[in-house]
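Labels run A, B, C, D, E and F following the written order; every chain starts at residue 1.
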Amino acid sequence: MKLVTAVIKPHKWEDVREALETFGVAGMTVSEVSGYGRQKGHTEVYRGAEYDIALVPKIRIEIVVDDADADDIVGIVVKTAQTGRIGDGKVWVSPVETVVRVRTGEQDASAL
Amino acid sequence: MDGYYAFMLVATAFVLMMTVPALALFYGGMSRSKSVLNMMMMSYVAAAIVGILYVAVGWSMGFGGDGTFFANPFELLWLDGVTTDTYIGVMFQMTFAIITAALISGAVADRLKFSAWVVFVPLWSLIVYFPMAHMVFSCTEDSLICGRIGAQDYAGGTAVHINAGIAALVLVLLLGKRIGWPREQMRPHNLTLTMLGAGLLWMGWYGFNVGSIVFAGEEGEAFTERFMSETGRTFANTTLATMAAILGWLLVERLIHKKATSLGAASGIVAGLVAITPAAGAVNLSGAVAIGLVAGGVCAWAVGLKYKLGYDDSLDVVGVHLVGGVVGTVLIGVFSTAEGAGGVDGLLYGGGFGSLADQTLGVVVAVVYSGILTAVIAVAIKYTMGLRLDEEDEVNGIDLVAHGESAYDLHSGTSGGGSSVLAASTAPATTTSKTEGASA
Amino acid sequence: MDGYYAFMLVATAFVLMMTVPALALFYGGMSRSKSVLNMMMMSYVAAAIVGILYVAVGWSMGFGGDGTFFANPFELLWLDGVTTDTYIGVMFQMTFAIITAALISGAVADRLKFSAWVVFVPLWSLIVYFPMAHMVFSCTEDSLICGRIGAQDYAGGTAVHINAGIAALVLVLLLGKRIGWPREQMRPHNLTLTMLGAGLLWMGWYGFNVGSIVFAGEEGEAFTERFMSETGRTFANTTLATMAAILGWLLVERLIHKKATSLGAASGIVAGLVAITPAAGAVNLSGAVAIGLVAGGVCAWAVGLKYKLGYDDSLDVVGVHLVGGVVGTVLIGVFSTAEGAGGVDGLLYGGGFGSLADQTLGVVVAVVYSGILTAVIAVAIKYTMGLRLDEEDEVNGIDLVAHGESAYDLHSGTSGGGSSVLAASTAPATTTSKTEGASA
Amino acid sequence: MDGYYAFMLVATAFVLMMTVPALALFYGGMSRSKSVLNMMMMSYVAAAIVGILYVAVGWSMGFGGDGTFFANPFELLWLDGVTTDTYIGVMFQMTFAIITAALISGAVADRLKFSAWVVFVPLWSLIVYFPMAHMVFSCTEDSLICGRIGAQDYAGGTAVHINAGIAALVLVLLLGKRIGWPREQMRPHNLTLTMLGAGLLWMGWYGFNVGSIVFAGEEGEAFTERFMSETGRTFANTTLATMAAILGWLLVERLIHKKATSLGAASGIVAGLVAITPAAGAVNLSGAVAIGLVAGGVCAWAVGLKYKLGYDDSLDVVGVHLVGGVVGTVLIGVFSTAEGAGGVDGLLYGGGFGSLADQTLGVVVAVVYSGILTAVIAVAIKYTMGLRLDEEDEVNGIDLVAHGESAYDLHSGTSGGGSSVLAASTAPATTTSKTEGASA
Amino acid sequence: MKLVTAVIKPHKWEDVREALETFGVAGMTVSEVSGYGRQKGHTEVYRGAEYDIALVPKIRIEIVVDDADADDIVGIVVKTAQTGRIGDGKVWVSPVETVVRVRTGEQDASAL
Amino acid sequence: MKLVTAVIKPHKWEDVREALETFGVAGMTVSEVSGYGRQKGHTEVYRGAEYDIALVPKIRIEIVVDDADADDIVGIVVKTAQTGRIGDGKVWVSPVETVVRVRTGEQDASAL
């Protein structure tokens, strides 16, 4: 098993979800996060002061997958989330030893 | 004369504003965010339903003649024969009918079927409120509470607050506790709304109490003098009692919980206003402060009772309106002065126990009448269409289930610029198709 | 006399409150959280700009004499020659000019350049609203809609609502759809604000409709009698039509979507108030209920049209104000009664089709006049400074881009005690330095 | 006569509404979400404490006779000897005392002990505000600012705004900066509340300014004429100055920061209202616009000073109320016209420097009197019970620490149906047991 | 060391926390996430349009544990979080090389 | 590649970010989480009832780094986030097999 973690731009989420669905990904876990990197934040103005917001909103996707699918899924995310502009995000893959479906207790492949 | 009339135009708008949006905000803020819209909707639809019903038969049942419990419902049906230059009096009374029904909604948060509310409200107004308004406000010879018992109730301690409070208690006993109550925390989801609501209620209440002046046919000078002296008294009493109640509530809270809360301040405002409602014309400044202090302190303690006795009066309609209403109505028997609107001296001013007895009897009648008939209505609904939401719907939240909405979608704001993708991701196809259907 | 005057002081404050903050809240709550501040700002700056402009030339163009489309703009320039004891009349009319312009903002959510709004508003008031107010409210012999056509419009069904509604439609057609509309969900970000706004609008509307009474030179007794009988009618009609519209909207929604929503209740309030605005003085209680029911139901259906026809009227200015305004103005021809302010019997009361024809003609004139001139103004702006935000700015959110703000920073609240570090992390150096610059 | 009285009933309710809830919302929205409830509480408890204290001795100290600084506090103790038909005058003045104290709270956000506030407020009202109200509003022969100096102050530029503004400055100097200020960003947590608060303040201010009319014993016709002509002037001036201030503020902001913000619009509203408060009766329309523009622009720049000078006037009480109050009070000396309430021509109308000198002297007296005595009170509290929260408590947030609450729990809303488990997970045992204790 | 990541239904959080506490888990890190999978979301209605919400709210729990405890903890979570209805969630285990307690700098086992 | 996950006190975030920036960390992904552990929550009071809030707000930082940098980065976080008071948090390191920059498709080292 592998865990694919992707950090992407919020407005790309819909496209990525659809692409993964088409590929056959049955489930994923998503969260709203803040990104820090080359892409700079914006400036806000409040009575007599300006503030630089260092962070930019990102969407974080976690997908547990079969070893075999990992590369394809990384490829799909990179393809669909890409805008070519700074801040498109990162995708990384890490090992998972076992995964269980809470509802049934099924393990690994059959748990996905 | 036209000055008084001008004030009544504003006062009536104020009292309507007490329900829409003030009470809805006060209650909505205390609800959980998955049921705030339903809580507000209960007030808004109550306004629509009761308002129209009041014009249809409510006014006639209240003021269409004499009677112990109510007047002839058909005498002034749909304001037949009422001239438009007296419409404002009808509208003013209508706003009282509206808020009384709406007050009940605070007790049934999260779990009452919306359809059940839509059926309960008109039935309850017809069977419970309209008669109660006759008994108290028409003050005809035979009218039970005012005419016969002779209990003082300036603006509705019995007809409005005790009435709504006891109805709320009966309803929650038949409805049962929310899933997880009291084990699970069910804290207010947005206290700024509750504070806002309390503030608007306070402003509106000047329409409620001060606008409740009744003239004895004075004219010219005498009319103006009466207008100024009595409204001066009721305005000042309403103000001081509320301030004293805030302090009373916060003090007791400080003692019990070691914290003075904003929810306590907001609740203290309402408790004080409730308690001074019946007494606004009867007492002097010191009486007003005393009633406010007692009401604030007693209610602050009373809202804890539900945990002891185990009834889920979700937003404390019983603890604030029933208890506060009783405190104010009964204490008239103690603090009333002969210079007041009622012209009766209370216990403290040498009037003996007479007034105290009348006031207590008035309370008992209100509790019994409203309690029994509310039970009848609620039972009827419970065993026909049912009162209660399914368990799963209650967990998912009534806003979603009954209204297909959720109150907030704030992500893009907090994350500064992103659009709320997660809360909002939709299956486009469906959207469009459904939409087509929608606009078809 | 001074009672009526006292009421007008309050009524004027009420109608100003309808724009700031009521309408801003009603619209703001329906916007997405990345554009709520811009939505509110459109109302606030409209108040500032139109208010000053109205005192400069608006009053004169409306009431500075006779004319088909407008009066002499220089006659009463900057209220020259107007005595302060009649200022309140000017202020009252001013608040109408303000809210009419502000109403348009609901259609252009998320994408109209703020600078374009700041230019559009004064031009539109000058060229479209001020004349329209003359045609309808001055009611001089030559004034087109009131004087010549003789269409009834008590408080502004044509001048305010149809006018703003058609202008909104023209503007969105020239402006285009929001990125992602209708595919992407663009649901209200905070319905409690919308409910609050609707509630405050309702209260303020009593100033709007009831304050629109015009006397025929009565004095003393007669004045007071007229004041009481006509305001009694307009107050009651405004109330009942609104209540009926809430029910009408929720009913239709229930049928189409199987859900009665809080947004529907809030929208129903506005639809009902819009529809009764022209008719408040003309109809009786039954007429008011009928108009409210129809307006609520029809608007509930009409707001779906934009998906069918493909124009992005973001917050339904067309569906509620244009449609609701037309419904109310035209139905006067059906439900108007001779006892009413207009003294005309409608179709239903044996008045034949005369009134219906006048009303319809009045609507057509308003639509054509406003539609064409709004188009001219909008096109002029579009091809000079431009109407529309850059694509990327629209995605990032206009609050951030145009105002450098985001509405909410609630983390520390929800997480109970932490400070909102993420939304707020700043590069200190910059802050300070920039700040220096700021206060320099 | 009774029309004016009717207006005063509403005006008094309006001004009370300015503090509860309007000011509380305006300030609350600007606070961080971990201290919004405390910010609102400071206004609410100030209303309760000052209100009762005012009736006790405030009225007597202000209007119980003559005196340079204050009148006999015991003359009308607890309104002894005041007839109820004049109560409304007392109530109206009371609302001024309340809001003046509440205004100060904006400067001390996040860090002032709640207990210190509860002690500071009554002392400050007693020692600083009640005398100031006498000096300005009683206008008895000996009264310092009005009687002796003869400075014009229609509704409280000196007594209310300069007074509160200088007190705020003194208080923050003794209190010190918030942890992390100005390095850490402390932006408004909910600008919709601030916009709402500003809008309600605007409406309420018509009660504040227009209700401040004082008659010279006119009767009948003359009374009505005076009522209409003077309120017409004050209403229009209040309106135009506010609109001009919005534009002034946004313009300056645009120049300094390249952005016109919603916070700027809300602040501009308040700055304009503050500046026109003393001048509402004295100037004509052009004067009102001029004062508004200047006030808006100057305050927009002044709020940046705190970063330069390093005092943490958290929500800009100094920058808006002190600066705005000075601008308005002093400019009377320039724009005042003889037709105005004061009957004095300012510099611009050939009145020479006389009025300008009087106004300036009035400002100086207010600043010195309030500044010194506020310092005495604050120092006394600082070295006895202490003014400041512990460092850790300040970081955790005063809402939690002082009131045991957090304002928002919005999760279930944003996540559409889930219940806010994380913010709300409780150790049941404790809850129940504690609850037992609670209701014991 | 292992990292146990569990995605469960929100209203099960309390029970899971208690069960883990009883078992002796000294700490964990929790976050609100959105889940996408077999369990479908709901429909919302806004003026003239209906929207399908694809995501459902979930709670995400991260627990760093000794290798020995990993299986027991997975078992406990599955047992207590199970309702048997679709959407109960997933639990997965991944390797952790080292963990440090910030307060003391203690490493691994002693850091928990 | 390694993934360094740090859970720290919110008010330490700024310092940690600066320290990592200085060290040369080009990017990271941050989220607001709730912590459960030795540090207890607080009590809230609502009309007639008191509630114990078991969780405390924390900031969760994820940084994908070269194997070589992992230890230094852990050290920096521990040093800067440390207050010595209970609740300072945890930092753990887990293996990452590959990381991709969405914008360019670059892999591993060059993706950071």
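Methods note: a residue touches a chain if its C-beta (ideal position, glycine included) is under 8 Å from a C-beta of that chain, and two chains touch if they have at least 3 such contacts.
A quick map from chain label to UniProt name: A, E, F = Nitrogen regulatory protein P-II.
Bear in mind that the values here come from a model prediction, so they are computed numbers and not experimental data.
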Minimal step count in the chain contact network, subunit A to subunit D: 1
Pair with more cross-chain C-beta pairs in contact, given A-C and C-E: A-C
Separation of mean Cα positions, subunit E and subunit D [Å, integer]: 50
Distance between the centres, which are taken as Cα means, of subunit F and subunit B, whole angstrom: 50
CA centroid of subunit C to CA centroid of subunit D, Å: 31
Of all residues in subunit F, the ones touching two or more other chains: 11, 14, 17, 30-32, 34, 42, 44-46, 48-51, 53-55, 94-95
Residues within subunit D bordering two or more other chains: 1-4, 6-7, 10, 14, 36, 182, 184-185, 187-188, 190, 196, 257, 259, 261, 263, 304-305, 307, 395-396, 399-400, 403-411, 415-419, 422-426, 431, 435, 438-439
Complex interface listing, subunit B residues touching subunit D: 1-4, 6-7, 10, 14, 32-34, 36, 182-185, 187-192, 195-196, 198-200, 202-203, 206, 210, 223-225, 227-233, 235-236, 239-240, 242-244, 246-247, 250, 256-263, 265-266, 269, 285-286, 289, 301, 304-308, 395-397, 399-400, 406-411, 423
Residue numbers on subunit B that touch subunit F, as the complex places them: 182, 185, 187-188, 253, 257, 259, 261, 263-264, 267, 303-307, 316, 319
Subunit B-touching residues of subunit D, taken from the complex the two chains share: 1-7, 9-10, 12-14, 16-17, 20-22, 24-25, 28, 36-38, 40-41, 44-45, 47-49, 51-52, 55, 78-79, 83-88, 90-91, 94, 114, 190, 193, 196, 399, 402-405, 407-420, 424-426, 428, 431-432, 435-436, 438-439
Contact set on subunit A toward subunit E in their complex: 1, 3, 17, 26-31, 64, 94-103, 105, 111
Residues of subunit D that touch subunit F when the two form their complex: 184, 395-396, 400, 403-406, 422-427, 430-431, 434-435, 438-439
